[in-house]
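Two complexes follow with chain A in common, the first pairing it with chain B and the second with chain C.
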Partner chain A sequence: MKQRITTSMLASASCMAVAAALQFAITAPASANQKLVELSKSNENWIMPGRDYSSQNYSPMTQINVENVKKLRTAWSFSTGLLHGHEGTPLVVDGLMYVHTSFPNNTFALDLNDPGHIIWQHKPKQDPAARSVACCDLVNRGLAYWPGDGKTPALIIKTQLDGHLVALNAKTGEEFWKVENGDIKVGQTLTQAPYVIKDLALVGSSGAELGVRGHTTAYNVKTGEQVWRVYATGPDSEVGIGDDFNKANPHYGQKGLGTGTWEGDAWKIGGGTNWGWYAYDPETNLFHYGSGNPAPWNETMRPGDNKWTMTIWGRDADTGQAKFGYQKTPHDEWDYAGVNVMILSEQKDKAGKMRKLLTHPDRNGIVYTLDRENGDLVSANKLDDTVNWVKQVDLKSGLPVRDPEYSTYMDHKGKEICPSAMGYHNQGHDSYDPTKELFYLGINHICMDWEPFMLPYRAGQFFVGATLWMYPGPKGDRQNYLGLGQIKAYNAISGEYKWEKMERFSVWGGTLATAGNLVFYGTLDGFIKARNSDTGELLWKHKLPSGVIGHPMTFEHKGTQYVAIMYGVGGWPGVGLVFDLQDPTAGLGAVGAFKNLQNYTQMGGGVQVFSLDGKNPYDDVNVGEWTGKS
Partner chain B sequence: MKTMLTGLMAAAALVVTSAPAALAYDGTKCKAPGVCWEAKPGYPEKVAGSKYDPKHDPKELQKQGDSMKSAEERNKKRAEHFKKTGKWVYDVSKIQ
Partner chain C sequence: MTLKKIYKKWACVALTGASMLGATIATANAQQVFRNTITGEELKILEVAPKEGRDTPAVKSFLETGINPYIGVKGCLPRGEEAYLVACSGCHGHLGEGKVGPGLNDNYWTYPKNTTDKGLFETIFGGAQGMMGPHGGDLQLDEVLALIAWIRNLNIGEAKDAEWLTDAQKASFKPFNAKEWDGSGKAEAAKEQCTIPAN
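Now for the complex of A and B:
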C-alpha cells in the first residue's frame, strides 16, 4: 500500500533515523572494523575494491617486479558464463575468491587451493524489467565483505540491478537478509559495490538518467535494519546537513541550498545518484564519495546551481551527517557525473605541512585534491591540457571558471566540448603509490557535440533531454576513431604528470600499483598490461578473451603472488558492441565514439589470474583430481 | 521533442555567441555563498511559464518519494521480524 508522503513526515523519519544512528554509535563495538583493517593489511587478502579503506589499490608485494614481470603467465581462469560488461575486481579473503558478475548478478566463491571447484554460487532471480531501466549496459562493480563477530557469520554483501541489497553467508552463500533499496518502477537500480564500515553496509543508488533523486543508505549488517539515509538534493534534514556543515569553507554554501538552488520541486527528480566508490578514514570517522549528475541533462530545464549534485562529500559514518560538501560542477551542463574514485593519502602540501588528503579524478576533466578533514581545496588541475569547458578552478573560491563558448543550452548545438559526457575519467578505480607519491590514472580522451531537447518527466522512463555525438579528443585519430584513452602518472602536490601514454581505447577500468615498481591495468581491446611505474615503459602485456572495464588486483597464496583481472567488455563504452547498435548518437553518444571496438574484441566475462611462470595449484597434477568413491 | 527556434531565440542565440565573455555565464558571479548560477543571455531566470517550462506533473514527481517510503516500511517489518525470530522473511504478507 502506497502512502502519500509529506515534508514533515520525511523530516520526522529523518530525525528517527538520526536518533537510531546515534544509539547505534554508542552501542556498536569497533571490533568488526578493527578486524577488517587487520585483514586488509595481509597480502593474502583483498577485502574491498580498493584493497583497504584508503582505496589506494596499492600492494606492497614485490615478488612480481620490473625485473621479472615478463615471466607472468596465466595461472588459472574462471568463466562467469555471462556476456555483459564486468566492472570492478574480485575479493580475496581467507583463501577464497569472491567473483561478481553483470546482470543477473551471480556470485561465485572459489577455493584458491583448487579454483576449479566452485564452493558456492548465488544466482538471484530478478525481474527482467530491470534490464530496461539500466543506464549503460548491465554492469555491476563488486562486493563487500564483513568479517563476522562470532554471533553473526561473515557476510558477502552484494547489489542487484533490481534495487536489492543482499547479504550472503560468506562460507555457504545462503541469503542472510535482503532489503529493497530501490524500485525499478521509478527508475532506481543498483550497480555499485556496497561498502562496509564497522557494522554498517553502505550503498548508493543509480538512475540519474531516469530522474532518480540520489541517496546513500546504511544498513546494520547484523539485522538488515536501516540505520540512516541521506539524499543528494532536498531539505537539509534529508541531505544530512547540520549547523557545522562547511564550517571551514562557508563559501562552498551551507544551509537551504538542496532546495533553494532548484526551481520548484525539481529537486525531487534532480539526480545526484552515487554509484561509484567510497573511501573511509577510521581516524576521522568520515567517509567520502561523490554524488552524480543533476537530472535531466538538459540544463535549461533546471535553473540554479542544483545542489548538492556533483559534490565531494565528507560524512560521519555513524550518522551520515555531512561535515563538508564541495560541489565541483555547479549547474552541470555536460553530464560530468561526480561519482568517481576517492583515493586517500597523507602528503606534505606545498608549504610542507603534512595533511590528510583525498584525491579525486573527476568526470569534468579536473583532478581535485582536498584536505579530507575539512574540505579545503588543495589542488585542482586538468587531467589533460585539452579540457576546454573550464579555464581553471579558482582554489580560493572553489569555483570553476567556465568558458562560455563550450556551454550547452536549448536551441544551440555545442561543439568540440572536451571532455565528453563520459568524462576524461569515469568509473575506473585508480591507484596511488605512497612511496612515489604518484597517482596512476586511466583516462578517456573523448570530446563531443551536444544538443539539448525538451521532454517531460515520467517516473521510470529515461529523462535525459540531450543528443550527443562523441569522438576522439584532439590527440586521437578522428578519421579512424582510435586514440580514445590515456594512462598517466600524476603528482597531486606539484600538479605535474611524471609520464603519460596514449591508448587505442579508454582505460576504463582503473589501475593497480605495486611495490614491484609496476602499474597494471586492462584495456577495452582486451589486454592486461604492466608498465614501469617510474617511467611508464611498457614491460608486459597479455591478450585476454574479452575487453576489460574492471581494475586488476593482487594477492598472495601459499607464498606465490598472483595478479587477477576481470574481463568482459561492455559498460558505457561497450553499449554499441553488446547491444549491436549502429546509430552514433545511441548509447547516450557512446556508439559513435567506440564504433571500432567491435573490431578488437567481443563479449564474454570471466577472471584471469597470473603468476610468475604460471605457477598454480595444478602444478601438482593430483590437485583437483577425482579419486573415486571413498 | 525539439523546440523550434523562433526569431526571438535566434536573436538570443546571436547574443550568446557574440557577446563579450563578461556578459556570459562563467559561474563566478555569486549572489550568495554557493549560489552562483546565472541565466544565460536571452534565457529565463525561471522556466515556469516560459517556452522552456517542463510542466512537471506533481503526481509524477511524488512517485519516487512514495515508493521509498513504502519500501522503508516493508524493510522495517522484515528487520523487526528477523530480530524477533532469527529468520529473514522477504514477503511481508507472510509476516504475522
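Now for the complex of A and C:
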C-alpha cells in the first residue's frame, strides 16, 4: 500500500518527500540490518567484535592454513600511543580499519591501501576522575558499526570510560551525537563494545564494584535518543519481565524476584552490570548477554538469591523485554560475574534434534549451553576438572550443587577456592568452528583465598568488602607463579574436550578460528600463536611488543588474507604493571597471581597485522611516498 | 619561565585581582603550592574540593603549612577509616596491604614524596598513574586529612623510616594491630574529638 501511495503521488515533489520520509521510517530498520548481515558475510569486512551476529569469531578463509601458517610475517603495525589494557579487536569495513584504545578512548581510522596514513582520529577529553572509579585498569573492548541508510551516514559507535556513548561519522570521525549513559559520580563507567541491532545502539554498564545497579539501554542510532532501558534488579516492570517470562522453564523463577530475592532495598545498589559481549539471532529477534556480579562482594551483606544478577538473558531486541533468564550462580560468594561471551550455534543435541543453541563459558568455571529459543539447559560442564566450589549443575533444576567447603562468609577465610574471582574464563571473546562443532576456549587457571570484611555504601566509591589472594591452580607452578592458563577445544554436545594445552599465563583475550584448520590467540606475555584446530599442535608464534588481552581477527584486502591482533597488556591481570618493580607489596592480592608477568612484558598498545610472507601495500615501494607538491 | 610568560601571568593576576582577593581571604592566606604528582601542574584546590569541610581549623592550617595536624590524633581515626574503606580499600586493600593498587601500610612508596603529608595529599587530591584518578572532587578536604592520618596509622613498617612522624611520634609509634583496633581501639577512639591538639 505504501508503494502505491508513493507512485500515485509522483507528480508532486513535496508529497513525494513526505512519502519518502514515511517509507524511510517504516522500512529503513530492516534494510539497515540486512545490510549489516550482508556486510558481515564478506571476507573483506569484520563489522563487529565477534565477526557477525552469531559471535562465532570464525572465518571461512583458507588462504592462511595449517600448511603455510609458518610463513606468516608482519605486514604492518600501528601504535596507539597509549598504555593500559587494549581488549577486543579492530573492525574492518569498506577498506578502513577502525582501532579503539584504552582510556582516554581514542579512535583511529586507517586506510588499508596505505595504513601509514591515519584517515581520521577522535580523541575525547574526559574527566580524569573516571579513572578512579574504573574497576580493573582502564580498558575498552571495542567499537560498533552501523551501515547508514542514505540519509544518515554510516556511524562508528563507541563508549567512553566516563559513561558516555558516542556516535562518529564513519568516514570523517566527526561526532554525530553523544549521550550520557551513566554518571561516574555514582561509579557508572563504560568499557564495553556497543552493539548494533537494526537501528538501535545497545550498551550495558560497568561499576558493580561500586554498587551500581546494572542496566542495558537501547538508543536510536540516528539521534541518540533513548528507546528503552532494562535493569538487572528491581521491580519486574524495570527488569523487563512480562507474563510469558520463563514460560518454558518456570523453575528458573518468574515474577517479583528482582526485589523479592533481596533484603529490603539492597537491590538498588545490587550490581548486575554487564560489560561483556552480546549476540543476536535475527530469526528469533532475541539478543543474549549475561548480567554480572551482585554488589558488594561480601555475601553476608546481601542475603538471598540476588536475582537477576549472574543471569543469561534472551531479550527481544525491539523492546528489551525478557523471554527467558537463567541465573547461573544464585547468591554469588566469589565475584563470578556472569558477563562472558555468548556464542550462537546450530547443532544436533544428544537426541539428534537440530537446535538453536547459545554457549557461554562462565566465570564460575562452568561452560553452559542453552536452547536460545526458550532457555532450556542443554549442557553444563566444568571448564576444568579442578573447579571445586560446585560439584555439578543439576540440569533439571538448573541449580549448582555446591561444596560448602569452598563457601565464603564473614569471620572466615575461604581457602583454595577454584576458580578465583577472575574466573576460569573472563572477558575473552572465544570462537566456534561450525564444521568441527568445537569451541576454542581461552582459560585462566587460577585459584584463591577469600576473606570478607564489612564496609559502608557510599555513592561513587568502591563497594567490595573482600580481600583476595590469588595463585596458580593445581596444574600450575605455585612456587614460581607460572602455569596460569589453558587453551581448550570443547564439544558442547558430548561435553568432551578434544584437546587442551597449558599456557604460562592466562589466555585472557579469546580466540579466532578459521577454515584453514587454525585457531589463533594472543598471550599475556605477548605472543600471537596459531594451533592446528583439530589437534592443538602449535604451528606458529610471533613475539609482539606487549602482552595481549584482546582477540585476533582476520580479513581479506585486495586478495590477501591478513590476521590482525591488538597488543597492550593491562586489564585485571595487568594492573600490577603500573607499579614499580621495587615495591614489595606491588603484586599482593589480586595482582599476586601475575607478579611474574612484569618479567615478560610491559605496557604499550597497538595493532599488528600479519600475512603470508608479510605481503603488504608497501611491497610497491612507491605507495605512501611523498612525491613533492602537486 | 621566560620573561614573556611571567609578564603574561602578572597581567592575568591584575585582571582577575578582584576575585583572587576574595579567594585569598577565604583561605586564610594559603601559602603552600600544591602540585599534581605526575604532571607537576598546580592543583586548583578551591576550584575542585567540595564546599563542605573546607573551613575547619585543620584544613586552614594544612593549606598554610603543608603539615597535617590530624596525624596521631586518635579521635580522627574512625572518620579516616570510614573514608579509607569507601575511597581506597577497593584497590589498596582492607588494611592497606595492597590489592589492585600498591600497599600503603609499609615504608615503600611508589612516589617518594608520599612520605610527606603534603605529598600524599597531592597524590590523593590530584591522582597519579593508571587507576589512581583524582579524588579531589569526591572527598572533603577535612576528610582527606583524617584519611591521611588513618593511612599513617595503618603502618606496620619501622618507625625510623617513617618520615611523616615527628621524633616524639616516632618514640611512641606502634605498628598497626587490626585485632586490637577492632577489639577496643576503635571504640576508645570514637569517644575522643577529632581536633587539632592544644599544643
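Just so we're on the same page, the second predicted complex is superposed on the first by the 590 of 630 C-alpha atoms of A that agree within 3 Å, B and C clash if a C-alpha of one lies under 4 Å from a C-alpha of the other, contacts with A are read in each partner's own complex, and residues count from 1 in each chain.
As a working rule, a contact is a pair of C-beta atoms (placed from the backbone, for glycine too) under 8 Å apart; a residue touches a chain by one contact, two chains touch by 3 or more.
Quick caveat, the model's predicted, so the values are computed rather than measured.
Asker: When the two structures are overlaid on chain A, which partner does A:575 contact: first (chain B), second (chain C), both, or neither?
Answerer: So A:575 only meets chain C here.
Asker: Decide which partner touches more residues of chain A, taking chain B and chain C as the two options.
Answerer: Touching more residues of chain A than the other partner does is B.
Asker: Considering only touches as defined above, state whether A:464 meets chain B (first), chain C (second), both or neither.
Answerer: Only chain C; A:464 stays clear of chain B.
Asker: Tell me which partner A:455 touches in the superposition: chain B (first), chain C (second), both or neither.
Answerer: After superposition on chain A, A:455 lies in contact with both partners, chain B and chain C.
Asker: Could you tell me if A:625 is touching chain B, chain C, both of them or neither one (first, second, both, neither)?
Answerer: neither
Asker: Per the contact definition in the header, classify A:407: touching chain B only (first), chain C only (second), both, or neither.
Answerer: In the superposition, A:407 touches chain B alone.
Asker: Output check: A:537 vs chain B and chain C. Expected answer is one of first, second, both, neither. What do you get?
Answerer: Neither: A:537 stays clear of chain B and chain C.
Asker: Look at A:133 in the shared chain and tell me whether it touches chain B only, chain C only, both, or neither; answer first, second, both or neither.
Answerer: After superposing on A, A:133 lies in contact with chain C but is clear of chain B.
Asker: After superposition on the shared chain, which partner residues are touched by A:268: those of chain B (first), chain C (second), both, or neither?
Answerer: First partner only, chain B.
Asker: Quick check for you: in the superposed arrangement, does A:185 touch first (chain B), second (chain C), both or neither?
Answerer: After superposition on chain A, A:185 lies in contact with both partners, chain B and chain C.
Asker: Share the list of chain A residues that count as touching for chain B in one structure and for chain C in the other.
Answerer: 185, 453, 455-458, 460
Asker: Considering only the defined contacts, which chain B positions touch chain A in the complex?
Answerer: Within the complex, chain B touches chain A at residues 1-3, 5, 9-10, 12-13, 16, 21, 24-28, 30, 32-37, 39-40, 43-48, 52, 54-58, 60-72, 74-76, 78-80, 82-83, 88, 90.
Asker: Residue numbers of chain C touching chain A in their complex, please.
Answerer: Chain C reaches chain A through residues 82, 85-91, 93-94, 97-103, 105-106, 108, 110, 127, 129-135, 137-138.
Asker: State the interface residues of chain A toward chain C in the complex, per the touch definition above.
Answerer: 83-84, 128-134, 136-138, 185, 209-210, 453, 455-458, 460-464, 467-468, 572, 575-576, 578-580, 582-591
Asker: Quick one: in the complex, what on chain A touches chain B?
Answerer: 1-5, 9-10, 13, 175-183, 185-188, 211-213, 215, 220, 223-226, 229, 250-254, 257, 260-261, 263-266, 268-269, 300-301, 303-307, 327, 330-331, 394, 397, 399-404, 407, 409-412, 453-460
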